[in-house]
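Before we start, here is the structure in question, set down as structure tokens.
Residue numbering begins at 1 within each chain, and the chains themselves are lettered A, B, C and D in the order written.
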Amino acid sequence: MMSGTMKETNGYTSTPEEEEFELRAHIGSVWSGGRLFIGMYTFLLASLAFAYFYLRSSNNGLLWRPNHVTAPTAYGWTIFSLTVLASLMAIYGQWRFRKGGVVDWQVAGWTALFAAVLALVLQIWELTALSFFPGSSGYASTFIGYVVINIATLVVGAYWLETTLARSLRLRREIGGAKPELSAYATAQSFRANVAAMTYFWGFVGLSGLLFFAMFYLL
Amino acid sequence: MNETHHLRRMTTIWVVLSVAADLLFWFLVGPHVPPGRMTDTAKANQFDFNVLFVIALPVLIGVWIYLAYAITVWSAKRGGPDPVGGESARTNRTAQVAWITITSVVVIFLAGFGTVALVADHGSGGGEGPNPVWSPAGAIQAETAALAGRGTWSPNSNQVLPVQVIGQQWKFTYRYPTFGGFESTQLILPVDTTIAFNVTSLDVIHSFWAYQLSVKADANPQINDVAYTKTTQTGQFTVRCSELCGIWHGSMYNYGNVVPQQKFLQWAQSTEAANAANTKNLPPFAWTYVPDANGASGGYYPDGTATPYSTVETYGAKQPAS
Amino acid sequence: MSIRGRLATVAVLFLVAVGLIVWSVAAFLTPGTPGGVMDFTTTQAAGQPVDLTVQSVGAIGFGPHPTWVSYLVKDPHTNQWVQDTTWKLPANTVVHMTVLQYDSGSPLRNQEWGQVMGTLSGAAELNGHRFSVYDSNTGNGVGHTFAVPALGLSVPMIGVSANAQVCGSGPCHTSSPHNTITFSFKTPGPGSYPWQCFVPCGLGYLYGNGGPMSTQNYMGGFLEVVR
Amino acid sequence: MTERPLATTDGASTASRGPWTQRPGWMSQHLGTAIIGGIIGYLFGHWLGNAVSSNYANIVNSGQNSIADALALIFGVVGWLLGIGALNYPLAKLAGRQPGKETEVQGWSKYFRYSTNHKTVGLQYVVGVLLFLFTGGLLAMAIRTELLSPTTHFFSADTYIKIVSEHGTIMMMMATSIVVGPLGNYLVPLMIGSRRMAFPRIEAFSFWIFVAGYMVIFSALPYGGFPTGWTGYAPLQTQAGPGMVSYLFGFAVIGMGMMAAGFNIAVTIINYRAPGMTWSRLPIFVWSILATAALLTLATPTLFAAGLFGLLDKTAQTAFYVTEHGGSSYLWENLFWFFGHPEVYIMALPGFGIVGEILPVFTRKPLFAYKVGAAGMIGVSLLSFFVWQHHLFQSGINPDMRPLFMLTTELISIPTGFIYLVGMGTLYKAKIRFEIPMLFAMALYFNFLIGGVTGVFLSDVPVNVTVHGGFFVLSHFHYTIMGGLLFAFMAGLYYWLPKMTGRMMNKKIGLWHFWTMFIFFNLTFFPMFIIGLLGQPRRVFTYAKNLQGLNDFSSVSAFLLGVSFLIFFFNLVWSLYINPKKAPANPWDSLGLEWQTATPVPAHNFDRIPVILSDPYHYSEADAPAVADLGDDDRVPVTSSHDGSGAA
């Protein structure tokens, strides 16, 4: 093989075929990694849902939810709306991104990030506005657990959004300007895979947010 | 040596050893296998164990014979023929199908056998929770009557005797609802009687293990865990806590006694009378009690309005805030 | 480096590791071990009754956990109050036990422990008055119990009024309000018999049974009965 | 198409500076800075916790502040990660920065750094898991010392429980990573023909958080220990002192490491298999690691959630597990065992993979019923999610579900049994070379059989009444985990250390190690079946006097088992450090792809990405296909051979 066709990376050489192989493996990893991460997160949230329904059906000491205490619904509605907004913005942005609207994606992305951070702040602040003590009932306990997990979800989602957006600013050239889907740069391919995985995760966050909102504020 | 030769040899050794071991076990060891035969559940569970063991022994012996055979006959040191690779060494449909079929049949038989034993023996002495699905005749009526304070028990009446087991750190105490609900640190039972153990806890999880009776039921706070057995022999038995419950878990044991029915009645009536002064300090008999999670004078959770307590009867008065 | 040199290096490192292990065991695992066993076998002639005096204090006031409730025992040789809950007693001997209860009380979680059980007379004396059952829902309640489950022994320690000037840190002096509970029991054959308290008196712990209730040398220990 | 100027698959466009972790010299980030970061974080967290909460009534009364202890540990771990450099890239990423070149510091100091080289991480893990193992082992010695006598106590009753709990927890944490960490990380890329891991930084994270987890769980002892055993049952958990925080947070930290390791390995196996490495050519060890990784990633989040709820109960005073406040004492049991039973198979499957890999080499035969074996591993990992309530047969929940869980539990012995089909079929008419790895592999078949058969007894509800919660079950899982996994791990170490370190382990000392370990393992744990049947519950500091003989026998055997580990330790330092002997390139004449690269393995594993031509089990086969085309002009592809010499 001609050394001229080989790229040197990290002290070893790669043929074009090997580069192609590694790139595909990398993009496959982003794809399957994104799905596996959602799988892991599902088990985490399912544990919380299990705790909720287990304590609800046990109703030990008639203390599942005395007097039907509910966390402040105004906060709940706002946080939920912001989460769904972020989720929809991420999905819409991805749709535009695929059509070549990088700027549309970025605007939608920053909007989603803003909504997510606002939801995060409100979610933390809600803890100061609770009308019940954490240990006063099963509902109160699971609600505190939900708040902590939701904070983690929003932090993860916002971090993923922010890093993707920040990177898009640095990679304007590589992701191919107005037509990113045509860019064959390895960076662009990798970036698109990352955006797709991130959007998928945000779709998951929106759906699970709906479920838990219903569980804690509506039921 | 051809193929059938190896297998035939191994099979012969296996059959001889398995039959011998099974017979020896069944007749020599079997009758002495714990937990003995003090109750009908103990006897049934001992039978179960022995059946499992009789099935397990040939499995163990089979694999051991195979390993020993391989080590001695197919060792490189013996310089036997070179192994043959290729497709025939990679798969063997007959062997694989046979293996999967045999293990599946054995396993499904065991599950079925266990289920039949479990149902036929009213839960096999294990804790069935507050709503037992396999109750002996008369048990539900006896329990209902006991809770209403109308429970009775007399010798030769074939009545079920409910006994409450209260786990607390670090001792079991016992209440007899059919005898005025007195509480005692002693566990005395009549022989030839179906006992309904109602196990609950005042704090952390314990596990009531009456070893020779073959009864084991976890004691959870606010849960009435019911387990049944029928005593068939008199004698002493050991009660141990079988779920780690803290520092004195290891010394959380006592000895109980199965006694003739008349003797039990005497004991129960005299204890009821002797403890009368204290029994009136106890809360009314109930299947579970809501202990105060806080303990004496200032506990883990803040008191008062922040943590409303259940309206359910508490065991002992509510503790004051510190 | 030669083999010998490397061997020596490894040996030195090994010794350092052993030293660390020994230190860890000494620092974290052995405190509370019956090292300072209070010996009651030499205080009197063989077969004669043993006098055993303890006090219970609401907050011990010293050591690593000054807020914890604890029993203290009077050293029969020096008459000093010592925090030690492992007592060596002669077998088959009558023990006259005196408990100075300086702690306040509360209702029992399980009223079963309001009974006096397993003493020689079937009763105990509270400030000189004989009693065999105590209703902890009345009065000052019960502060602690002294119980040896293996011997069937259990005696409630009636609390002092929480409004009184309760002694705040041990060892307490008899000038502080206290109840004196006396009773007698007979030691069994040789063995190691755990004793404990059945009142959930570990403040700040769920069910009141953590902390001092779950640590030897505070609210529980052993009777080491020897021949 | 536009040009493709970009080489690194992480998408690095511009040559940015290498990460700090990989700068040479002691001014950069390494273990030392991690310790400093950890200490600073710890002190800050402790101060913060005290400032926030020291006036709470329960904290004033108990004199112990779980909030401060929890925050101290949390910030300590964050400081540790900052110090080692784990957060450099995640933080730089916030500014859109790309990862730097994946170069590595050379020399021994790379083992003390945040290395993204899977070979370095593998060796780091070897040391890490052995540290865990020896700590847990010493605690086991303490347990057996206390159990020498029912009446004379070497430790106080509470200290004994702490020792038992710490032993169990450390061993369980160690066992989840003992194979996946060292051997999985080191060997999986080599076996699938990959030059790298999919997520090397996540891999490095998994190791350094594992070390942090060790320190967090060990911190339980100076905090006063925890009284719950490794199962951490609530509400005893909620009642315990601050040592419990170390347990809950420690499991969360280790859980993060487990998830990270499993995630990275699973994604790597799925995506980075070399061309031609089809699923039916995948080495059986990789199958086992894939099944394990699936369990690690999917079961651990449940533990994470359970631990979070426990931590909230202990700090924020929620009441998840406190029945009197609307929680449930069964909730922890369910969540814990929903994780806990898959975890048990996390500790079994890699062992099966190792012996499956070793047996063909030393029998010179192809692996028998390979597909059944692989299917069995997948079957076990799927079924393991449906058996958890067999831990709760006597707990009083769901009596009507008992037949179902009895059935699923017994069904799982079918796929587990496949490993015996594979092993016995491979041994058939073989030519067995009894090298040390083979001895350990054979020992697994002996030990795990006893462990597996006793598992059937435990799954039978009527028999379970007697054996649940006693020494019988204790002996059962020591037979499966120690007798299975640990023996397999030893087999793997003796087998692969020559590849990993380039040095042969001493055979004579190895024989001493094997025989002492095998004999005294069985002598230690077999009597415990009888002790259990005779009525001794687990975790007790005292027991019936008539059981002293059996207990003493078990204790003395346990001490000698401890000596066996000292022999192993001596072999390790003797063969690797004191008197090293260079290992041949392929000492066992294996066909495995991992033996076809140079030793020491170059940073990029393979000069050319190999093209896989067949599975690596074509032993004793005339005209066997080559295993792989290594694309190396001066090296002939490796083929199988009749007489067992690997390279043609």
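The rule we apply is simple: a residue touches a chain if its C-beta (ideal position, glycine included) is under 8 Å from a C-beta of that chain, and two chains touch if they have at least 3 such contacts.
Being a predicted model, the structure only gives us computed values, none of them experimental.
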Chain pair with the most C-beta contacts: B-D
Approximate Å spacing (C-alpha centroids) for the pair chain B, chain C: 34
Cα-centroid distance, chain A relative to chain D, in whole angstrom: 30
Centre distance in Å when chain A and chain C are each reduced to the mean of their C-alpha atoms: 56
Geometric centre distance via CA averages, chain B-chain A, whole Å: 47
Multi-partner residues of chain B (at least 2 other chains): 203-204, 222, 246-248, 251, 290-293, 298-302, 307, 309-310, 322
Two or more partner chains touched - positions in chain A: 60-61, 63, 133, 135-137
Chain C residues counted as touching two or more neighbouring chains: 194, 202-207, 209, 214-216, 220
Which pairs of chains touch, using the document's own definition: A-B, A-D, B-C, B-D, C-D
Chain A - residues contacting chain B, complex: 60-63, 66, 133, 135-137
Chain B residues within the chain C interface of the complex: 166, 168-171, 173, 183-185, 202-204, 246-248, 251-252, 254, 275, 277-278, 281-283, 291-301, 315-317, 319-320, 322
Chain A-touching residues of chain D, taken from the complex the two chains share: 1-2, 4-13, 93-98, 101-103, 194-196, 198-199, 259, 263, 266-268, 270-272, 275, 297-302, 304-306, 308-309, 312-313, 316-320, 322-328, 330-331, 334-335, 338, 602-604, 607-609
Of all residues in chain A, those that touch chain D in their complex: 7-15, 18-19, 21-23, 25-26, 28-29, 32-33, 36-37, 39-41, 43-44, 46-48, 50-51, 54-55, 58-61, 63-65, 133-142, 144-145, 148-149, 159, 162-163, 165-171, 173-174, 176, 183-187, 190-191
List of chain D residues in touch with chain C within their complex: 57-64, 138, 142, 150-159, 162-163, 221-222, 224-225, 227, 235, 238-241, 322, 542, 573, 577-579
